[in-house]
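Take a look at the following structure, please.
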Amino acid sequence: MISSTIGIWNYWIVFCLMMIGLFLVIGRKNFLKKIVGLTIFQTSVFLLYITFGKIKGGTPPILNESIESIYSNPLPHVLILTAIVVGVATTALGLSLVLKINTEYGSIEEDDISAQDLVDYHDDIETGKNVDLKFKQ
Amino acid sequence: MELILNIFTSICFFIGSLSIIIGACGLIKLPDVFSRIHAAGMIDTGGTAFFILGMIFQTGWSLITVKLVLIGVFIFFTSPVTSHVTANLARQKNILPVGKKIGKIL
Amino acid sequence: MISELLINAFLVTIMLSIAIALIKTRTVIFTVILTSAYSLVAALMFITLDAVDVAFTEASVGAGISTILFLAAMAYLPKKEEESISSEFIPALSCIILGGILIWCSYDLPEIGQFTAPIHQHIAPEYIKGSKEDIGIPNIVTSVLASYRGYDTFGETIVVFTAGVAVLALLQKKDPAKKNKSQPKQKIRKNA
Amino acid sequence: MFLAGLIACAITGILILVRIVLGKTTFDRILAVNSLGTVIVIGISIHGFYSNRPEFLDIAIVYALINFIGTVAVLKLFSTGSLGGDK
Amino acid sequence: MIDILIKNLPILVVLCPLITSLFVVLIPNIFFSWVLTTLSTFLTFLFSILLYQEIQIKSHISYALGKWMPPIGIEYIIDRVAIIPIIIISGISFFATIFAYKIMPEEIEKKSISKVYSLWLLAIAGLLGLVTTGDTFNLFVFLEISSLASVALVAMGAQKDKQALVAAYNYLIIGAVGATLYVIGVGLLYGITGTLNMEDLTNRISDLNNNKALIAGFGFMIIGIMVKAAVFPLHIWLPRAYAYAPSAVSVLLAATATKASLYILARILFSVFENSEDLINNTLLYVILPLSIIAMFAGTIMAIYEKDIKRLLAHSSVAQIGYITLAFAIGTKASIAAGFIHMFNHAIIKGGLFIAITSLGFFIQKRVTINNLSGLGRAMPITFFCFVLCSLSLAGLPLTAGFISKLYLIKATISSDAIWIAILILISSALSVVYLWKMIEVMWIREGKKILIKEKPTIYISLIIITFFNIYFGLDASLVVNGSFEAAEKLIGDLK
Amino acid sequence: MHNNPILRISTKILFAPIILFGLYVQFHGDFGPGGGFQAGVIVASAFILYSLVFGIETGKKLFPSNINLILLALGGIIYGGVGIVSMLLGDEFLAYNLLGSSPQSGQHIGILLVELGVGLTVSNVMIALFNAFASYDNIKEK
Amino acid sequence: MNSFILFFILFSLWLLMSGHYNLLIVSLGIISCVFCVYVAKRGKLIDDEGLPIFFMPRLLNYLIWLFKEILKSNLSTAKVIINGKVEPETFTVKTSQVTDVAKVTYANSITLTPGTVTTKIQKGVFEVHALNSDFGDDVRTNEMDKKVTWLEGKK
Amino acid sequence: MITIENFILITILSPLIVCVLTPFISNGIILRDFLGPIGGIISSWGAFNIMSSALNNQNINLEIVNIAEGISIGFEITPLGAIFGLVASFLWIFAAIYSVGYMKGNKEKNQTRFYAFYAIAVHAALCIAYAGDLLTLFIFYEVLTFSTYPLVTHKQNEMAQKAGRLYMSILVGSSVILLLPAIVWVWVATGSLEMSQNGVLDGKIDVAYAPLLLAMFVFGIGKAALMPIHKWLPAAMVAPTPVSALLHAVAVVKAGVFTMLIILTNVFGIDFLAKTGASEWLIWLASFTLLATSIIAIFKDDLKARLAYSTISQLSYITLGGALATSMATQGAALHIITHAAGKITLFFVAGALYVGAKITKISDLNGYGKSASLIFLAFFIGSLSIIGVPPMAGSWSKFFLMLGAADSGYEVVIGIFCVSTILNAFYLMEIPARAFFFKKEREVSVKIPKLILIPTLITSFLTILLFFCIEPFQNLTSMMVGKI
């Protein structure tokens, strides 16, 4: 029991980290914090993959003639390399959106923004006072 | 030969460990930003230097040595810069150092 | 073995504490620094798990560039996070449920580092062999990255490209002529 | 030997973390993070020796580099209020 | 040369927009970047048609990228199933690009146009890559390409309506969480099988019964894909994203984005996990079926109470996605075929509706709300006429494409002895007439301001073509129906 | 921050070595850890450091944004181009075997070019991202 | 001229780091170095500040001395930290160097020796923060100042 | 020589062509106005030929579009279809002429659109008449619904909107929710969408489910206006009178009951119904509708509303005839389609004429107009007699057969219901000519009825008499329908 628990306990930690990250994403209303949470979440997922790739007593998967040993699994590493870059792309895009949102709304709190949107929506539809859109002419 | 090198490395590591731990203690203990910079400086200089020296003893003369030296040089180069800029900014933001002041302050 | 476990435990503890601190803190700059630290520690973890390439990338991309981007963005953002009114119970619950499922399923996952696990037996040996024989470069990760799964990497390059173009298009500066016309519109506040 | 070095780094790391948490001014934190970076650079180097594959020092270099640039960026943010400013 | 072309068709379909996007970003001229985009989408469409012909001969094409044989390298699989979404995406994107010509420069600043076209192509390429790939992780990469590009496209709507930003942000975050969940699923499966290739995965999980990690991995994959496909409780990103995007983008996204994910859903359910029957059957019966039914009604009812037209259509999309997943959930050959038929038809219907609504919005220069529609039926007869036809098609009325899909869906439900589901489907589709009729009525009956609107052929040409398709596929559906039945046969033929 | 001589001079001295290190990582990806992504980021960080210290406008003078845009696409074009060339040679997309005289050398060339493409795109995107963020004008439209 | 020097420095660095000496890698190295030099030139970085050649002759000598100083002050800082006898003080010193590079070298040297930190730099004056007066006295002796001025070699 | 297939096409397509041409020649107003009657003539020429071929018992199948495997749009001539087709196309001639007069006289807007959709509605009705399978039937059933919407809401005002909403929600709702699954159910059960003269369901469906399926059909066919779903018909009376006349007396509602009859005879088969008694509940429902709406009609003061309720009640005769499931009753039901059409169209024409001529909509305002518009009221009188079932008007035939059928089936109560209903009919219809001729005029309004309105009205009223004498071919057809020749 104990040995099996030790064998998998690293997973547990990774799962806990994932859940904290996920909580930040879905539980927090601050837009920047959500992105931070996403980063945490993704990084934890990366850890999960890398944990899969580890072999006891293995070395990094870079061939070396002088060392005859087991190499850890390179495939998860490759996948995670990809995933890290994808993550950073997501973060960058998210941040640029947050910037624009802050400029337009003056806030990056979800509650505040949805309140403003609601007012906007109300102006637009219920009262029939139509907001002219910024089309170019 | 290997034994001697190992002993050298051990000594270096010991000193290095001591200096980084003391530096870290200083980081906690010392009263304000400015004095903490000194402790941080200990980690950056003493610690790094001895550790890298110790490792150089292990590698002999090889590519790895070059890289170790590079790391050392880089840290030596950047550490005072960050320390200085931190201190400078702290001064700019009107954080005054504690303790007695000799001479005038710019 | 024990020492590996020790290092591991140490890093994991730090990561957990950073994560918890992230939940607690409401200061944006602190959040950013903690995120960066989290990535850095994760990079260390990758090193201890033999993934040097990943550690390299995580340190440079995850910790370096994204921190700088966060900082760059932070300059224009509010420096404090507001306390939310709404309850955090349901998100927390759903996270705990998901975590529970994962922990439940972890009993059927292969033990960490077990050489006989299918993951190490199925395709990976062919990469290790092939990298030496078919491709002839020592870094297996590079050979898998650029050749065996080169298409993934292509896709990834495109993802980066997409992000670049997207951000450029989004944050495009306005024409100066238009900027002159711009007038700050009245803010609609919650209570208004 | 290497393990001892690693453990020393770990202890230092924890001590520095205490400073980060205690904080007080932001500059304290920046300083501490910077020191932590240095310690980690050392740790990575030692870990390479510890695990018999010392050739991966590039990571340490990158780490140091990132640490430096990160600190400069934070400081720049504090001094000018944005990363793009020219002052 | 032709040999090379034919041999590489599977990759060319994806590559064509992908490579062009790299060039488009460099062209500052609006017109030329549009021309290049159109050319590229046209070529893609052409390639996909060629591929269709190829499929009729070969029935299963496996393309090993980098010449590394499948479980080692990445594989592209194109069969009778995959060709359906390929045709949908490439075809719709072609027409949407034509539509974009006039309307894009009006809504987006000139300086960003070439970038937007680049993102446009990237979104298309991502979707196409998504459906062609036979590798679970490659799927994730293309998922991200498409979602990042679409998020950026949605956010470009901020130049006329700032809510687009929030919409895009939510889309991004929810999409990223979905993608990450999918990656977790892939990781768990990879952990227990050691492979990422779909076919290999199918073989290797066949001897893993009741493995908890298998179940969890499957669950996470499904949830991740369901987020992207906007299946009911995970659809919250969709209405805003569609509503506030620039006009042309709403057209593209509404018609194609969820289709690709739905196809992936079908593929995971019926092809990748075909050997774990209990798992699949339980999922279908206890998860997807109830969710789809709720989606049908929730989407429709939300649409009935919605007053912003683009959002209304987006809610209706949620309901329509409910139909498709419902068809999958019934899980017989006929129902899956019906799902594919509806997937195809919904693409052309929603494409048409969004084109119509956005061109209305374009001419009235306002956010399209129910009040703003007054009298437009008389002011813009051509657009209105096409809009009505597409609406009828959405409501599933005879002689339109929507009728065919509804007919087969109902037939499938009734023949699997679930007449109550058939009645539910029909009630919801009758409810859908309510919101469609609400719009038509306002346009038709209410007096609006006397505005002089001259409809431009550059804008309505693609509307007319898509409307024509709506009618055409209502009259001659054999292509779609046969294709879908072949696809369903391929997916579950050997299973049940 | 360029009026702080310490920062200015250390940046001046460090700039070229950082880029060199980046390129070293780029071209030694075959032998040790590293490759296009990491190299791209390191090179980009050198430019970012430059922009941080000397100001974004000077940074843009050093590396004009239109060249940035071109290189940004060029990386992807190189990558895709390698694949297309291999396709024209009669192989599958991204099959490098026919690029060189022997399959192994073909693989070498292919990997080198591909990594170059990745490096180009990543570094340019990172620079572009930084520039876009740092020079964002926080003024509301309309 | 300076560019060539920079090129050679960089190229030797490359050769030292590389460890693979086949034609391809070396030629790539040359290309990389050329690129670096080009970019540095473009960024107007190759000047006395970016490439302080005039330091070179006496640099090693100075570095050894500096290293010794660092060791000494490390030891004393450690003592101070352990003892806890901290009496920080701030003061200004005048500098005698001409060029900015030299000033920076001086300032950095002060900072590098734990126990003293330059907190501000103005034309000819540094503001220095020291951990206690012993460190302060070390700086105030101006020994280091002279060394750096000597290193600068201009007068 | 034109083949029968081509006649089908001619009949079906000529309204469609009219519809397509109308917008294009809307500049030459006169020509446009003639299009409808011309189309009607061509179309009814085709319909006559079709009927004669049906009398020769030719079996014609015409597949137009093959939508997909197993489903197609195809046409076939059935005796009942031939009758209905003839009714729809022939009456369209007069309705078209009438509507020209009405629209002109009333100076309505958007006349072009009106004519176009009018033609489409006729087209759909004809397609229903000749539908070869259930799917085609359903498709054109829906087309008919949608093409009449613009006609119903022609005035485009608040009231039209409300009426249109009710109209659409009942017709579309019922057909989509119930009719479509019922059809698909039949499809699944029998494996095809074909219909046959003796029904297709025998042995293919669990007898216990038959009433349920029948209920789905009955309530799915909202156009037949059985009691709980009859509301749309009075509401649709906001439409211009030509619409009410042709569509809500002839095309739409007749399409409904036609569908009903087709379902009862050709899908279920009267033998099957009689055997299983699946339609027993329908008899009572139809009877109830019949009586209830007749009573409601009495209390309606609005002329068109009264006619609408009368229509509902008459439609129930037809449903009842089908539900009785005897050959006589079914024949009676089929004949009632044509006889009632001729009668009711006359009545509506009169209502429209009064509206155009004197802007009168209420019955209580009619007092004493008999003299100033005697021809109109004469036509009304004849039409009323026909609907009540007084010889020598056409309506008597159908009532006669229905009663016979009721006697055959053993439901004697139904005969009683017929009698009561006839009395009620007489009561509410005769009030109008009575008021016109025998009451004293309360106010002086000049009544000017345009010739284009008057002539069609007279012709249709004459037709009701003519039909009484020429019922034989129709009767032959209906007996073919029930398989007894």
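By letter and in written order, the chains are A, B, C, D, E, F, G and H; residue numbering begins at 1 in each of them.
Everything that follows uses one rule, which is that a contact is a pair of C-beta atoms (placed from the backbone, for glycine too) under 8 Å apart; a residue touches a chain by one contact, two chains touch by 3 or more.
None of the values given here were measured: they were computed from a predicted structure.
Both chain A and chain D are touched by C, F.
Minimum number of contact steps separating chain F from chain H: 2.
Taking each chain's centre as the mean of its CA atoms, G is the chain most distant from chain H.
Centroid distances from chain E, each centroid being the mean of CA atoms, peak for G. Averaged C-alpha coordinates put the centre of chain E at 44 Å from the centre of chain H.
Averaged Cα coordinates give chain C a centre that lies 19 Å from the centre of chain D.
Centroids of chain B and chain H (each the mean of its C-alpha atoms) stand 100 Å apart. If each chain is reduced to the centroid of its CA atoms, chain A and chain G end up 41 Å from each other. Multi-chain contact residues of chain G (touching two or more other chains): 17-19, 107-108, 121. In chain D, the residues that reach two or more other chains under the touch definition are 30, 51, 53, 55-56, 58-59, 61-62, 65-66, 68-69, 72-73, 75, 79, 82-84.
With touch defined as above, chain H holds no residue shared between interfaces to two or more other chains.
Touching pairs of chains, sorted by label, consist of A-C, A-D, A-E, A-F, B-D, B-F, B-G, C-D, C-E, C-F, D-F, E-F, E-H, F-G. By the touch criterion stated above, chain C contacts chain A in their complex at residues 1, 5, 8, 12, 15-16, 19-20, 22-23, 28, 31-32, 35, 38-39, 42, 45-46, 49-54, 57-58, 61-62, 65-66, 69-70, 73-74, 76-78, 81-82, 84-86, 88, 91-92, 94-96, 98-99, 102-103, 106-107, 109-115, 119-120, 123-124, 127-128, 131-132, 138-141, 144-145, 149, 152-153, 155-156, 159-160, 162-164, 166-167, 170-171, 187-188, 190, 192.
By the touch criterion stated above, chain E contacts chain A in their complex at residues 105-107, 109, 137, 140-141, 144, 148, 151-152, 155, 158-163, 165-166, 168-169, 172-173, 176-177, 180, 183-184, 187, 190-191, 196, 307-308, 362, 365-367, 369-372.
Put simply, chain F touches chain D in their complex at residues 1, 7, 18, 21, 25, 32-34, 38, 42, 45, 48-49, 51-53, 55-58, 130, 133-136. In the complex of the two chains, the chain A residues touching chain E come out as 18, 22, 25-26, 31, 34-35, 38, 41-42, 45, 48-49, 52, 75-76, 79, 82-83, 86, 89-90, 93-94, 97-98, 100-101, 104-105, 113-114, 117, 120-121, 124-125, 128, 130-136. Those residues of chain D that touch chain B in the shared complex are 1-2, 4-5, 8-9, 11-12, 15-16, 18-19, 22, 25, 27-28, 30-32, 34-35, 38-39, 41-42, 45-46, 49, 54-55, 57-58, 60-61, 64-65, 67-68, 71-72, 75, 78-79.
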